[in-house]
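Worksheet: the structure to be examined is printed underneath.
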């Protein structure tokens, strides 16, 4: 595990600077700055209502931030100012994919079709924006087969291969979560943003999720930014943790650093630090093993 | 009709008491509802003054029929259905068997062959002149609706955008053909694609500002656009001929080789030494519209398997998820709108060539409603279901025109045509109540790894717009 | 200037009628999220009920005071259309509640076709003219106000107040608002959801009947086809004002009435409906939830 560096360098994929988001009179995010390192799993944690999902929505373009700059640097060196792009352009051009807190699958499409929809832009190009494909010209047929192959690989990784031809709405909750991640990966992202991927999962499913996420990081080199409540997931898989409270950053560093930060403990328990420090220690230690 | 809980006891006397009670209530309700409208008839007398007379007999029939109907439903029909359902559930037989028979798997081919053979069969059975009715009133009429409904299906069934003004594009196609053939003397085969392109163009123009709207707001704006186009056609008299419309529209020809104009030297009947009849033109038109339908079906099926078609369906399921996957939803909606409009334009120019006459009367909201009803009754997205719905709904109401024998039953004042739309409306309600997802509720997946399994209608969504 | 004021008054009158019908659309939409396409035809039924009652009254009670006749017409029309709307909701909409969203829309369109054709079949396709009920007019300079215009605006205002009171101040209104917010939760908290929805339909029908009767009084003619165009305009009014909002429906109705009469007066009668629909499209493009509608926050 590496310690979080605050300087911008080539290894930084996402740089959030002075991000603020105001809803009417409510300051949901207030002057937030943090960085996501390439190849890391970075976790964004904080109590309910801290503004985590709002940060996600700003990064992925579903909200326009009131202030601030979000810079994404691709492996090839290309830079994008995400606050200037619309939601679909962020996925299409900047290569940022996301999942949703309340799973958003295409329930009436099959599992396989869900993954094919995710490869839309690639396939549109290959089909000559439909015209060539309709006439049976060009490379569409080959690309369509390649897309199914990509989908198959992700289905195997997500352990969904047996359900490929079933409607996505028919999957169990845990399987839906994995499918949503697999679908996001089919867009070929450099940064994957996961909104509470472990919420509502049983321990077994949670474990499968950890394996999937570690696999994504290690084998595809995709950086991951995730929001999580489940401390066992956070402590086990993340390389870097950013803690939010009331729209502001209160701590930032390695999991070890963060879990010993008195401010974090206070934020989570809302009581005097020393009173509960021991308790939280035990709890975190217990869940980490 | 009180909202009483379902009784599980087999106590038949209790059931009868309930049936009688509900029957009486229904009778009373019917009395209140029909007293003024059925019990009293208003008419103008010789002085053009509005007067009234009573129709107690008819009112009594309405009331008794309602009471008896409700009594039978509560007392006999509903318990019977419940018992059957219960028996089925006990036996453990799934409601839909997954096995498909020969007819089912080859349905499309069989249907196509039947349609190709339909005109010769009609001639064989009722002669050249007699076949006119079958080919024109049933064949062409139904196929036009099939085509329109398949076109609207792209917008509503696949992309999930509720369009209540589809008839506008039908009108654009029809007037494009009528005006351009009149002004420039261009032939049907040039104007057909042109009408489609113009309609698609209108689809984009109208769609661009409004596709950001969601759900019912989109519905009302499309309805408004449909009405605007109709009103402009009605009032822009210098160009469109106003309410009188445009008549004497040129007929389509067999690709310019044979003509159907009576005086033309290359007249079809003359060229083949056949007796003069308007039936040949109708039979030709039947094959033209059949071809257009096939084209619509082919393009729709092909597009569903392409990224754009999948994006449409994904859009219907969840627009936000689409955007998170990098899909430009505005462009995707616009293409659905434009392609749907294009098919409407094709159908419109065909309509103009068939009628030889267009007027705003043909493009009222009711037409949009009928087309939408066919799409929903058929089962959104399903080409087969929609075709079946068109046959049942349009063919069924056409059939009413033919029911002259009813005059002998109900007397000479009885005009079955008057009841055509009344029955159409009732059928819409009844079919929806029994099959809310239409005749074919499931959807065929567009790709599969191991086996193609139909997706049950309970998973698919209906879109937000 | 007098001409302008005159047109303003005409627009206000027409707008009041549209507003009354629009409330029915907006209440039903608010509570079950459905476009009740048959509502325009309920309005038409109301007009016909008033017409028939008027004919009966003038036959049997020739010397009846006009005010009393109007009152009887209104009450009977309200009762009859309420019965119809209650039954329609019960038979054609309730079984489909919670099912596929387009299904109730299609049954509503079906019902609309059924109702207009039912009247066409039972009462004949011709326009039904009645002699004018209220003839008095008052002159203020060049501006003419007829008593029927005053009556229409007055009745509308009174009814609006009554309905506003019911929705905002009574337990019934609270049940309606709760059902609107969250039907399941309302049911769990003891609100009789079915009954509340039924009452909403009855209220909408009663208002439509009043509007239908006044339309008959204003124009002196009824026709089976009268449900569609005023119905669509009233729905347009509801959407323009922000569907689901009661004041929005009235505001939308008044706006549509004004646009219609001013456009006819200054531009062309032929294109008055085009103007109405074009302004609707225009407003929605810039304010996608209508003038008084709550902005829809996209939940991600």
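Letters A, B and C mark the chains as written, and numbering starts fresh at 1 in each.
Everything that follows uses one rule, which is that a contact is a pair of C-beta atoms (placed from the backbone, for glycine too) under 8 Å apart; a residue touches a chain by one contact, two chains touch by 3 or more.
Chain identities (UniProt): A = ABC transporter ATP-binding protein; B = High-affinity branched-chain amino acid ABC transporter permease LivM; C = Branched-chain amino acid ABC transporter permease.
From a predicted model like this one, the values you see are computed outputs, not experimental measurements.
Taking the mean of all protein Cα atoms as the centre, the chain whose own Cα mean lies nearest is B.
Centroid analysis (C-alpha atoms only) places A farthest from subunit C. Looking at which two chains touch through the most C-beta pairs, you get B-C. With each centre defined as the average position of its C-alpha atoms, the distance from subunit B to subunit C rounds to 29 Å.
Subunit A and subunit C have CA centres that are 50 Å apart.
If you average the CA atoms of subunit A and of subunit B, the two centres end up 46 Å from each other.
Along subunit C, residues 298, 300 each make contact with two or more other chains.
Among all residues of subunit A, those that touch two or more other chains are 62, 100.
Looking at subunit B, residues 320 sit in touch with two or more other chains. Residue ranges on subunit C touching subunit B, taken from their complex, read 29, 35, 45, 48-49, 51-53, 55-56, 59, 76, 79-80, 83-84, 87, 90, 92, 95-96, 99-107, 109-114, 117-124, 126, 128-130, 194, 228, 232, 235-236, 239, 243, 268, 270-271, 273-274, 277-278, 280-281, 284-285, 288-290, 296, 298, 300.
The residues of subunit A lying in touch with subunit B in their complex are 60, 62, 87-92, 97-100, 104-110, 112-113, 116-121, 123-124, 127, 130, 133-134, 140, 148, 152, 155, 161, 164-170, 183-184, 187.
Residues of subunit B touching subunit A in their complex: 299, 302-303, 306-308, 310-311, 313-314, 316-318, 320-329, 335, 443, 445-453, 455-456, 459-461. Listing the residues of subunit B that touch subunit C in their complex gives 1, 3, 29, 32-33, 35-38, 40-44, 50-52, 156, 162, 209-210, 212-214, 216-217, 219-221, 223-225, 227-228, 231-232, 234-235, 320, 365-366, 369, 372-373, 376-377, 380, 418-419, 421-422, 424-429, 432-433, 436-437, 462.
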